[in-house]
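Right, I'll just put the structure down here and ask away after.
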Amino acid sequence: MDLSLDAETLAFQAEVREWLAAHVRPLSSMDTAAGFEEHREWERLLASARLSVVSWPAEFGGREASLLQWLVFEEEYHAASAPGRVSQNGIFLLAPTLFAHGTDEQRDRILPSMARANVVWAQAWSEPEAGSDLASVRSTATRCDGGWLLRGQKTWSSRAAFADRAFGLFRTGPGERHRGLTYLLFDLRAPGVTVRPIAQLDGEPGFAEIFLDDVFVPDEDVVGESGDGWRVAMSTAGNERGLTLRSPGRFTAAAARLVELYRKNPDPALRDRVVDAWIGAQAYRLHTFAALSQPPSGPAASITKVFWSELDVAIHETALDLLGEAAPGWRDGWLFSLSGPIYAGTNEIQRNVIAERILGLPR
Amino acid sequence: MMFTLSPEQTDLAAVLHEFLAAGRTDLTALGVDEVTDPVDLVVLFEELGHHAVPGPLAESLAVLPVLGAGPGSVAFPPHVPHAVEADRYYLVEDDTLREAAPVASIESVDPARRLVKLAAGPVVATGVPAARAFDLGVLTCSAQLLGLGRAMLELTTAHARSRTQFGRPIGGFQAVKHHLANVLIGLELARPLVFGAAVTLSSRDVSAAKVAASDAAWQAARTALQVHGAIGYTAEHGLGRFLLQTRALRTAWGSPSMHRSRVLEAL
Amino acid sequence: MDLSLDAETLAFQAEVREWLAAHVRPLSSMDTAAGFEEHREWERLLASARLSVVSWPAEFGGREASLLQWLVFEEEYHAASAPGRVSQNGIFLLAPTLFAHGTDEQRDRILPSMARANVVWAQAWSEPEAGSDLASVRSTATRCDGGWLLRGQKTWSSRAAFADRAFGLFRTGPGERHRGLTYLLFDLRAPGVTVRPIAQLDGEPGFAEIFLDDVFVPDEDVVGESGDGWRVAMSTAGNERGLTLRSPGRFTAAAARLVELYRKNPDPALRDRVVDAWIGAQAYRLHTFAALSQPPSGPAASITKVFWSELDVAIHETALDLLGEAAPGWRDGWLFSLSGPIYAGTNEIQRNVIAERILGLPR
Amino acid sequence: MMFTLSPEQTDLAAVLHEFLAAGRTDLTALGVDEVTDPVDLVVLFEELGHHAVPGPLAESLAVLPVLGAGPGSVAFPPHVPHAVEADRYYLVEDDTLREAAPVASIESVDPARRLVKLAAGPVVATGVPAARAFDLGVLTCSAQLLGLGRAMLELTTAHARSRTQFGRPIGGFQAVKHHLANVLIGLELARPLVFGAAVTLSSRDVSAAKVAASDAAWQAARTALQVHGAIGYTAEHGLGRFLLQTRALRTAWGSPSMHRSRVLEAL
């Protein structure tokens, strides 16, 4: 066992740290029109330094960084309090699906514009009657000349208020639930699309409803085989729950801020919660290192999903308890943390997965 | 020993509930500014919490009247460093009541509340019953939290009965059942502490009530959000108002940690 | 609202306090043969002062104390660290059933000897296949001349290793589950009874298995109607879960000891757990006062069962965390506390009851 | 960066498992007294915990060898005030190692352990690596806790699959599923902390590992008892041995609170 970084990774770390120190500045909320564009510009700046998608092949804008280097990048990124990634849904949910199930044509067409944020992607998973129970989607895609016509309603689409395109599952065949679904990409500005932003608890439209009324999608925007959408989507869901969406750097940085906050506002009765936040972040970091060395099985992503989402709530709740009701610098992160145990599959669903698929308890 | 509400108190709760459920806000029309008995105040504030009524309520209706002032808002440094936004401000230091002027506005975790930093103004009175006033602030805040918790439990139970996933109401899943059972247990055991504190008005009992009501109400809020899922996270759904007010009141009128200190000191 | 005690109750409190101060002395564990007899003697001493069953009618050995006075008695009893009640199963589980469902003959015959501990009762609820699922008992009682013959096996019978008699449910009719059960009393020394003590974690036989091989029970020892045993037993189960088995005095006394322990071993990181133990005991005490003034409905007993059992674990765990692995004076209470969330209906079952029968969630 | 066991370490774990599962206790026959690498020690102690092997193990196999003494047992006041019962005793104060004599026997919460109060005897050595020895004690104790937790999870999962109530295996109830899922999460995330601490052997990392392993193992114990019900509460069932050893080790080699202090100081 060896936790040291090789020379190449250390050099990369130094480059990233220096670049971020020179370029990071605070931006407005990405859930406002102006802030969204500021974040798009920030993604372009990252791309110009080949830092927007470090682990991708060079031809799509990456630098083929190892997973370890990607982790190091994320640690530096969060430690520098760099802006949230407006391209996150595309980079961390859609792109892995395209690498696994897309065509060369799709990768060539979609990935470079994603890396430069010329196209920002929203996810369109949930529907009013399909939240935790994703397999009960009702929106349909009907065959037409040269493609498909989408009909139905999606909801809780992150970033959809201002994004360019979206990806989701549509019912194309006769089967029930997991069968007969197809993974499709569509344009949020195409004729027949109506986007209604939904204000979150903080008042900003972090997600939206999408109404689809005979929206045309060409055949080239089917990912994987038609009818095979559930399997295609599940590879993405694994990514969302697991390592990619919530890199340990996010929590080690937040825990470090909490320790700093505690030193300024020491309350011995809250000491253990502060220390446990730091320990939890460190545990998640080392757990991720172990996963790099020995990739875990699919359902193991449910373990980390429950862990990081509850850790995030604990970190922010502790900060609020230290600060009282005026919690400058922590309120937005706190509100966001409360959504963690809900999105990407509620923690109740994840615990079912852990019990049934890892521990082998009866369904 | 008769540890239950009188028929008059039960009636008061019912009248308030009907009034607030009808969306009315002109509380003085109900004569609530004449309520001074601590148990009656708890009945009143539980209903105010039950409907998530905003504003400097503890300040206007419980604290300032005891100090012979108000309506308005009041800060009690160090445990209440800032006042909730109002038309008129006061400041209590030791046993002295002063007028105060707003000098800066401070965000609360609840966007429906704003805090105000105050500068001390002219003395209004000395030798005021500051300790009793503070304890009444803590007590009524606890009662509000109890009402908020109850409201969120009701909202969530109704949602769990009607929302269907995987072909059945989510309230049929044991995980959801146990979450909600825990919320009910927390609230049911916090409630007698709040009423008990109204009877004794000792600082020990008032602080114990605040600790238990804060924890129970916040547990209700977390569970409510988790069971509602994304819909509860939207500004247009009713839950957010309750959840955010609960988080603000949890640390208002003294943090849970400070109140636990007070309990221990008194034992 | 008024929390003050009337003059009569204050006088009673003073009498109890004085008597206990004069008579309480430490006894050996009631789960040993010698300790059991010491505890029987203690019950007799209590009875001689008319303090063994204060709330019962005078004709059975009580003094018709009000529920408030009973609570006051319990507070004094636990504050004085008086011995555990070896007659507890009889007094708190069987007696309420006899008051509600027994005949005058049964009450006259059974209650006075219970009050003086001439007969100590064990409960015989569980069976190997009927733990949480009590309705699945398989032991039978078959009609015979002048009574019934018992056959089968009971387990986890508290006190059965040394007690005289027992009460339990037996299958007497054709129905399934809750139907066709009868509530019967039987002699633990009758022909056909074999008692096998079971050692608990502490090594002592706190409970036992009971094997029944054609054990005769006369008709006079059927409680309630034959076939109506489930309904008869459930009134007892309510008592076990609710107020009577775990009086608040037990927890206020334990919490007070914990506060004292904390003052001697202060650790600011554990302060909140100590204070919360005290607050929890106080909450349970006031909750009980409220229940006296306005008796709660049946399933409400599940709320208090979950609360006191978890409070008891929390109090003892905190003491052990303060003391470390050598925990003189706390170990036995700690081990006992761990059984609280299990016996008298697991807390999982109680939470189902709360959700379904109080909150009205679907079964 | 290679944060995974080597094939040799995986083999060591398998050999130990087979040996202990066969009921053998003559550990020296396996040559375990020659294990000195901290990661190897963690592998060894996780298996010792996995089988709830009793005795002064951390003391004999990890702590005393570093001090050039042993086998036997050792106290490190103030955090390890008493030694676990053994044939021979030592005492470390500052950087001095002394022989020690037993003066009184003290009950542990685990009846399979006995603690011994020591009186200082003659000096054996000065300038010993006391800090490293202490950290090795904490580390190996953490590894034992991890193994204990894993054993209890295995026992309980098997029980939940086979025990039937209400006409189905209790492992089919969502409450039981979620209890066991939480245990697995706790253990899975404590594990890398323990191995990470073996790599760095910094006091910060060793203490963090002890905190996480203690909490995860104790959560496993509580859940195990709750899911087993009364059968788990009997002396004849295997669970008790694991549960009681876990409770003892939770506060052995420094309490969770003391270790949290050490973490905070090092940050």
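We just call them A, B, C and D in the order they show up, numbering each chain from 1.
The rule we apply is simple: contacts are C-beta pairs under 8 Å (C-beta built on N, C-alpha and C of every residue); 3 or more make two chains touch, one makes a residue touch a chain.
Composition by chain, UniProt nomenclature: A, C = Acyl-CoA dehydrogenase; B, D = Acyl-CoA dehydrogenase/oxidase C-terminal domain-containing protein.
As the structure is a prediction and not an experimental result, all values here were calculated from the model.
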**Request:** Name whichever of B-C and A-B has more C-beta pairs touching across its two chains.
**Result:** B-C
**Request:** Please compute the C-alpha centroid of chain A (Acyl-CoA dehydrogenase), do the same for chain B, then give the distance between them in whole Å.
**Result:** 37
**Asked** Any idea how many Å lie between the Cα centroids of chain A (Acyl-CoA dehydrogenase) and chain C (Acyl-CoA dehydrogenase)?
**Response** 53
**Prompt:** Between chain B and chain C (Acyl-CoA dehydrogenase), what is the gap in Å from one C-alpha centre to the other?
**Reply:** 38
**Message:** Can you work out the whole-Å distance between the CA centroids of chain B and chain D?
**Reply:** 46
**Message:** Going by the contact rule already set, what residues in chain B reach two or more other chains?
**Reply:** 173-176, 178, 257, 260-261
**Message:** Which positions in chain A (Acyl-CoA dehydrogenase) are in touch with at least two other chains?
**Reply:** 269, 271-272, 348, 351
**Request:** Take each protein chain as a node, join two nodes whenever their chains touch, and name the resulting shape: line, ring, star, complete or other.
**Result:** complete
**Request:** Name, in rising order, each residue of chain D that touches chain B in their complex.
**Result:** 173-175, 178
**Prompt:** If you look only at chain A (Acyl-CoA dehydrogenase), which of its residues touch chain C (Acyl-CoA dehydrogenase) in the complex?
**Reply:** 268-269, 271-272
**Item:** Interfacial residue positions of chain A (Acyl-CoA dehydrogenase) with respect to chain D in the complex
**Value:** 1-6, 9, 68, 259, 271-272, 274-276, 278-280, 282-284, 286-287, 289-290, 292-294, 303, 306-307, 348, 350-352, 354-356, 358-363
**Fill in**
Seen from chain B, its contact residues with chain C (Acyl-CoA dehydrogenase) in the complex are 1-6, 39, 153, 157, 160-161, 168-169, 171-172, 174, 176-178, 180-182, 184-185, 188-193, 195-196, 198-200, 205, 208, 211-212, 257, 260-261, 263-264, 267
**Asked** Touching chain A (Acyl-CoA dehydrogenase) in the complex: which residues of chain B?
**Response** 82, 106-111, 113, 115, 164-166, 170, 173, 175-176, 222, 225-226, 229-230, 233-236, 240, 243-244, 247-248, 250-252, 255-257, 260-261
